[in-house]
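Input: structures, listed below.
What follows is a pair of complexes built around chain A, which joins chain B in one and chain C in the other.
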Partner chain A sequence: MLALQFHTQLVGPALVLGVAAAGLYGLLAVSLVLTYRVSRTIGFVHGGIAIFAAHFYWWLTYDSGVRGRWNPSAGQGRVGQWPGLLVVVAAGAVIGLLYGLTVTGKRMGNWPRLNLTVYSLAWLLGMVAVTQTVIEPQSTRIPSIFGKRVYRIFGGVITIHQVATLLILLGVIAVLAFVLLRTQTGVNIRAVADDVEASRFVGVPLTRVGAGVYAFSAGLSAFAGALVTATVGMLVPELLTVFLRALTVCVLGGLASFSLALLGCVLLGVGEACLTAGVFGPMSIGRQEVVLMTALFGLVLLINRLRPIKVLEVETL
Partner chain B sequence: MRSSRIVALAATAAIVMTACGGGSDNGKRSSAAPSSPGQSQPAAATPDASQPSSPTAEGATAASAETGAPTASAAPAPGQAPSGAAVPGDAGTKPTALAASSKPLAGGSSATPAAKSSPGVASSATPAPPSAVPAPAGGNGGATDRGVSADEVKFGGIMMYGWLGLSEQVWQPMTRQIRALFKIVNDNGGIYGRKLTYVDCDDGPGDPARTRACYKKLVEQDKIFAFSAGCSISEDQYQADLKQDQIPAFAPCSLYQVEWANPYSFPVHMDMRQEGTATANWAADTKKPKTYGVICLNIPDSQAACSRVEKRMNAFGAKEVFKRTYRSGTPDMSGDILAARTAAPDMIFDYAIDAFVSARFYIDSQQQDYWPPMGIISNHKTIEPLGGIIGDYPAKKGYWNNTTYLLWGPEHIAWQRKYVPENKGESHHVLQGQWIGEQAMIECMKRIGPNLTRVALMQCMNSQRWESPPGLGQSMMWSAGNRYSDDTINRKEYIYKYVSTETYSGDDGKTRGWIPDPGEFVAHAPAPEAGE
Partner chain C sequence: MTAATMKRPAVIGAVLAAVTAVWLFTAPQYWLFTATTGLTLGISTLGLLVLVGWAREVSLAQAGLTATAIYLCGFAMRSGAGWHWPYLASAAFGVGVVVALSLLVSLSTAKLSGIYIIILTLALQITIEKTFFSDITLVQTDPDHTIHRPALFGVHLTSDRAYFLFALAVLVLGMVFLARLRASRFGRGLILAGTDRQAAAAVGVSPWRAKISAFALAGVFAGLAGVVTAPLYPTPPSYISYLSINSLVYLAIPVLAGFRSLVAVAVVAMVFSVAPQAFEHLHISPLLLGAIGLLSGTLTGPTGVSGLVLAWLHSRRARRPADEDRDAAAVDLRDPSGGDDASRRERHARALAVLEAYLPERSDAREVLVASDVSIAFGGLQALADVSLTVPTRKLVGLIGPNGAGKSTLFDILNGLRQPDSGSVLLFGQDVSQAPPWNRAALGLSRTFQSSRVNLDLTVGENLMAGAYLMIPGSVAEAVAGLPRAKAGERRAGEAARAVAELLDVAGDWDEFVRNLDFGAQRRVEIGRSLLSGPRLLLLDEPAAGLDAAEAAALFALVRRLEQDLGLTVLLVEHYVKAVLENCDLIYVLARGRIIAAGSAAEIAADPEVRAVYLGEDYQPRTEERVDA
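Let's turn to the complex of A and B:
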């Protein structure tokens, strides 16, 4: 028997926590949507870039090279947090550019999308392995680049880091919307997303557009990876969980809609917060996952009814 | 098409190779890389420890000047192997001549918390390393058992180097420690002419499949004499195999009750279920909460420990109002903190043995500005780097830890500083226990004589009560019927209060981050009831 409870006093705080948590997944979700729109492949590589970025950011800004870091006053780092963040984003963009050049180049450009997806997955796993081999982190949370301030809203306490991440996410989406709708680059990207062959025919520089999108989205993933170290920490399983969650919420919009991906992030964050906080009564971790994923995919089906996936996309896959 | 097949194959190979790798020491810290299942066996190498020198005599007791090993009572005559072919652990191997109970080293009784004045007993002498025993004139008998030859005794251990990024802080120190111990013995000629070698196998994040593969590799391919040290979350996977193959395991990580129940296993810290009872007794005696919460990990012994806490606290009359079971890798706990705040337990028992699950809970608690009014008591988070992981918020709000050994043990720390300097800042409760257990094992190998067999070694280990140096404050018995004896490792442990992030040890074995709990420093647990 399902004994459903409802604790109204927890709803407000859970909503606040959930919305704040949306930023955790949102930046990665945007990267995934952006690359899918251009390539029609799932960008698993972004997970690898985020994990690499988290470790690289730790190495740059927190690791002082002292082994056995039991001394809490250690952790001077090699560079400051903001310069470190810039370096990490740049490194992520370079990796994304390299990846983009390979998948949009002459050799691989015409590969079946399934092959490209597997290739992307191999990059994810390879980057995780290389990262863990080259950088030996001491698993910890890195202090937030935005400080330690907290805010109490409707009984829920959120940090300035969560607020900043959410605001950055909204800013990125707004900028992307402007670029896609109002600039020539955006027109080119949309053209490629709609019809690759026609774009090539009319002279859109596919390699440049594709590689550029990969570079930008990889930089965004690296940025997300660095930010996530302050909330999730640096353990690979946890970082992978964040990435997979981000991938899951993208499904809401068929991996092609920024707004629906953002909605997915918010719904996932709120759903998670409500379930873990006990709004509906105590619930085991497994049951929480079942409820969340069932709700999410139910929503996917509903949205698909309202806005069917294009036949072209189905045939492509 | 061909190129697509090649790429697909390459991607598959990359996936497989990546999945099989990761987490193992790449030889930076010790001069031999650990093997993984399927890899060819590397030679066990000795660490780059400096040549050990004789200990100073200043302040040294007679016992510590001789061996530095745990003391023993009713020792067999030197060179005389324990007689009898009884199955280890049965009634025929009860401790002998323990009417004169074992006397700890001068300076304190293991039953008396040395920290009435201050944690640890100051000692100006480095414990002497285990001494070697030369081969007898007529030879040592050669291959007296599997894994033993005329010039070698081979030990093995399974280490989860890939678990949660704790390789450097937790697992590598264990490997370095046992290799240092063996090197000291080997540099002095070994035991009856046999050098001690150690082969470790990496089971990654404690993947049960890899653990079992490691076991097979060490036993069938490397043909080890016995297991020693080693630490894996999947240690329970091969306990039945130890019994079936009749291979002893000395000083394992000791996470599971099944290890205490296995006569072939010689664990070195308190059974987690007993810890649940001990801390619940402490809470009932000192805190007297009306309500409580528990945090558990989704592994059987953590769940069982939580059940013991619940049983004891319910008997005391406290009500459980909050409970969470986590898996390793839980990314965000802010919702759980909100639930905890709403449930408002007086105190919380933390039995999530994964240090990072606990740390996440504490850090999210800090962000939410929540802490139970009577504090949190946590199981076995006594690792030197803890302060840097959890910060000072728990110190301000009330945080305790139960641990099997005193912190940090001046003899243990002095030995580490001298013989394994790379372990500075990386001591922890399992390292302490393994230091004792491994030295007892070496001591027994000397006593048995050249006719070294598994049975003889186990009989020797079972033959008496073993006392740690007083700075560690424990004793243990492994013989059947005595594993839960009063005033031994499964019946008492220590409760420390966390007061600052300076949880590391000074050179004198003292720490500023932990103080003995002023209310009740020694927590006790009765022997488990039948069926528990």
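Let's turn to the complex of A and C:
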């Protein structure tokens, strides 16, 4: 099935491409890690927000709407790309806030994790359904907001879009690290992540912290959704694949570590770039997926084997 | 049950069958076809019901797995590029591959938390999309080599009507199989493992095996749905309906229907298939339907819409005169001052006799449990340090100590839920230090927990019977087919469960959902579940917590009787010191992770260190007032 080839001359470009591609999954991965830390559930809602954001961003900035005050040059979208991006991020944050208010409220705060996960999946499906009902899905890739410039590093050609996304990701992680470690908000978030009940007793405003984290991370997901349209377009299966990749990179750190998620992004990006660039010989998309899937299974098996089971947990999720 | 109520389901069934028959012979071909797709959706989502409703796991690959079976079965059946295999061989191939894929996911994540399984199922779905869905030989629509509907056992399934009946038969058989499975020890074990893995392990159910079985079953049903769908179309259907987002629509069906009713799953699946066609002018998106289903199902709780209907029926039934009599009897039973004392004593004696016959041979070993030098630390906190403890046979042993002393941690280690950093545990003479809790349960160790750990959405009877997993013999096939060995085991366990309910004063609430019971009754149900697992050594973690003084006294009296009359060895943790001192033959005192004293009640009460750290200097024991006197 796999030809045993190894093209060393392609390793350099693949590494560059892989590191550059890490930003694509990284922003979504940060959102997932952030909300997992406060809720111990996978925030599938972020997938929905990213898909909604991709469509909404396309509708705002690329769809053949009226010529607006803010888009004097493009002449196609309803608004320009930067205002459009701002609106999309704000809309994502509002959705995240609404979601956060419901899941951290009195009624759902003590729900089992399975129910919260299914609730999150319901939001994902709902947003995809509403988005697809209102906006016709397109395979169009939207031009990057950062321009068309490209760079050649070690034989690999990377775009300004990839560089900017990666820099933004690093910036977001640095800011989050500062907030989490050096501010009262960060202390509150970490307290909630450690023990919800205990933090409630010591006066941490659970709803405010939870909803705030969801709003911030949803804004980040919307941002990622808008940016990803320049790379993969806006077809739901493709966007869901990106979301899956983001989830996958979080596995490395058990969905709880930004740094391990970042490492996962780089590893996955490099792995994917190696397969796409043909380091191991030419390979169909299906086979690439099987190889990546096998690697993921291998990683999970390794975690399964290495992680000492000190105690049998009550809940499955 | 009266003759009228016995007849009612038969009448409803007959009416439904008649309506279906009339519809079948009058419906247009188009609707027959749509309804058949609804039936196949029902088959696939029955598998998800097992996974989500019973095992409480989430799979995001059910649509992809169903499609895999469709394409593989179709490919195997087709001439031309395909293999031109007979239908049954093609079907076995399709189902086999799907089950293998399901097992691959579940085996690789067996010991990990559910988040990994969700991610892996989504990964599996996307891999299926990028491999099978993009393989032209599988999904191509070659008009020269179409798939022909098969003939099975001499019956040709060529017409849409015949094929509808075939799909209906598979669905009904699947439902019967699952209904039988759910009523067996395997189904109850699966549900218990899904609700509470620790509680399941404590009565002998391996939660890992339960998870793997649930995935295998979900795979079987996805595969069956696929192989029933494959010959429905002359050429492979479009994969658009089987993409990852559609797996969420599949998930919505059992979530909305609820885990208590198989029929509800089939009905909701049919609605999901038919509604977008029936109300085409409204442009109902299946995705939107799925989203509403998921949201409504989540908000109505694990029992879903069917749970609401069943609860309503239950409340109606509870108002009937016969049940009022039963409730009155139950009140008598709970009220020590009411009812006929002699008849109650007689009932209890009978119940004890039934339980004695049910429980396995008690141990003849002098010491049933020996823990040696057990230590465990959580980070910098040394929770237990070189703790050694011996439980002699047929004794009531108490373990007391201040909060945070490490009592429950020690219980977890004795029970096998937690692995110590060092030390060993001998159970009935066997070294079980590395054995998982379900293997210790098989040796005769059962336990209860500090907080009530019963399934609130099941009835008292169902909760009690869940404990009997190890005591009912027979394989899955025997249980589902109702073969004599399994049937006799079920009957014996049922009698023992009734006896335990009698002893624990919950017999009157046998059909009541545990959610509706008070806390004390919930605790008693949990103890009953442990008794049903056939213990030779019972660990009770704060059994009197949350009970009032009278209830606690009654509970201790019962525990004493279990020990004296049935020869059951009991080790209990309790903060109700008076009851422990008055009832226990041997008492250990644990403080700051160390055993600071061991001995009789008098010795413990007189121990200066125990008085200093736990009882208080002013403590005055009154051991002459035995609670069970």
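Please note the rule applied: the second predicted complex is superposed on the first by the 272 of 317 C-alpha atoms of A that agree within 3 Å, B and C clash if a C-alpha of one lies under 4 Å from a C-alpha of the other, contacts with A are read in each partner's own complex, and residues count from 1 in each chain.
Just so it is clear, a residue touches a chain if its C-beta (ideal position, glycine included) is under 8 Å from a C-beta of that chain, and two chains touch if they have at least 3 such contacts.
Since the structure is predicted, the reported quantities are computational estimates derived from the model, not experimental observations.
**Q** Looking at A:Ile42, would you say it contacts chain B, chain C, both, or neither? Reply first, second, both or neither.
**A** Only chain C is touched by A:Ile42; chain B is not.
**Q** Who does A:Met293 touch here: chain B (first), chain C (second), both, or neither?
**A** second
**Q** Have a look at where A:Tyr119 lands relative to chain B and chain C in the superposition and call it first, second, both or neither.
**A** A:Tyr119: touches chain B and chain C.
**Q** On the A-aligned overlay, A:Met234 touches which partner chain: chain B = first, chain C = second, or both, or neither?
**A** first
**Q** Touch check for A:Ile285: first (chain B), second (chain C), both, or neither?
**A** both
**Q** Is A:Thr248 in contact with chain B, with chain C, with both, or with neither (first, second, both, neither)?
**A** second
**Q** Does chain B (first) or chain C (second) touch A:Gly203, or do both, or does neither?
**A** neither
**Q** Could you look at A:Ile303 and tell me whether it touches chain B, chain C, both or neither (first, second, both, neither)?
**A** Second partner only.
**Q** Figure out whether A:Ala129 sits in contact with chain B (first) or chain C (second), or with both, or with neither.
**A** Both partners, chain B and chain C.
**Q** So which positions on chain A get touched by both chain B and chain C?
**A** 115, 118-119, 121-122, 125-126, 128-129, 132-133, 237, 241, 284-285
**Q** Quick one: which bits of chain B touch chain A in the complex? Just the residue numbers, please.
**A** Listed in rising order, the residues are 3-4, 7-8, 10-12, 14-15, 17-19, 21-23, 26, 164-169, 298, 323, 325-336, 338-339, 342-343, 356, 359-360, 363, 367-369, 384-385, 387-389, 391, 422-426, 501-504.
**Q** Could you please specify the touching residues of chain A with respect to chain C in the complex?
**A** Within the complex, chain A touches chain C at residues 42, 113-115, 117-119, 121-126, 128-130, 132-133, 236-237, 240-241, 244, 247-248, 251, 255, 284-290, 293, 296-297, 300-301, 303-304, 307-317.
**Q** Along chain C, where are the residues that touch chain A in the complex?
**A** Within the complex, chain C contacts chain A at residues 52, 55-58, 60, 104, 108-116, 118-120, 122-124, 126-127, 129-131, 134-135, 194, 196-199, 201, 207, 211, 243-245, 248-249, 251-252, 255, 283, 285, 287-288, 290-292, 294-295, 297-298, 301-302, 412, 417-419, 436-437.
**Q** Which residues of chain A touch chain B once you look at their complex with the stated criterion?
**A** On the chain A side, the touching residues are 7, 9-10, 13-14, 17, 21, 24, 67-72, 74-75, 107-108, 111-112, 115, 118-119, 121-122, 125-126, 128-129, 132-133, 136-141, 150, 156-157, 159, 231-235, 237-238, 241-242, 272-278, 282, 284-285.
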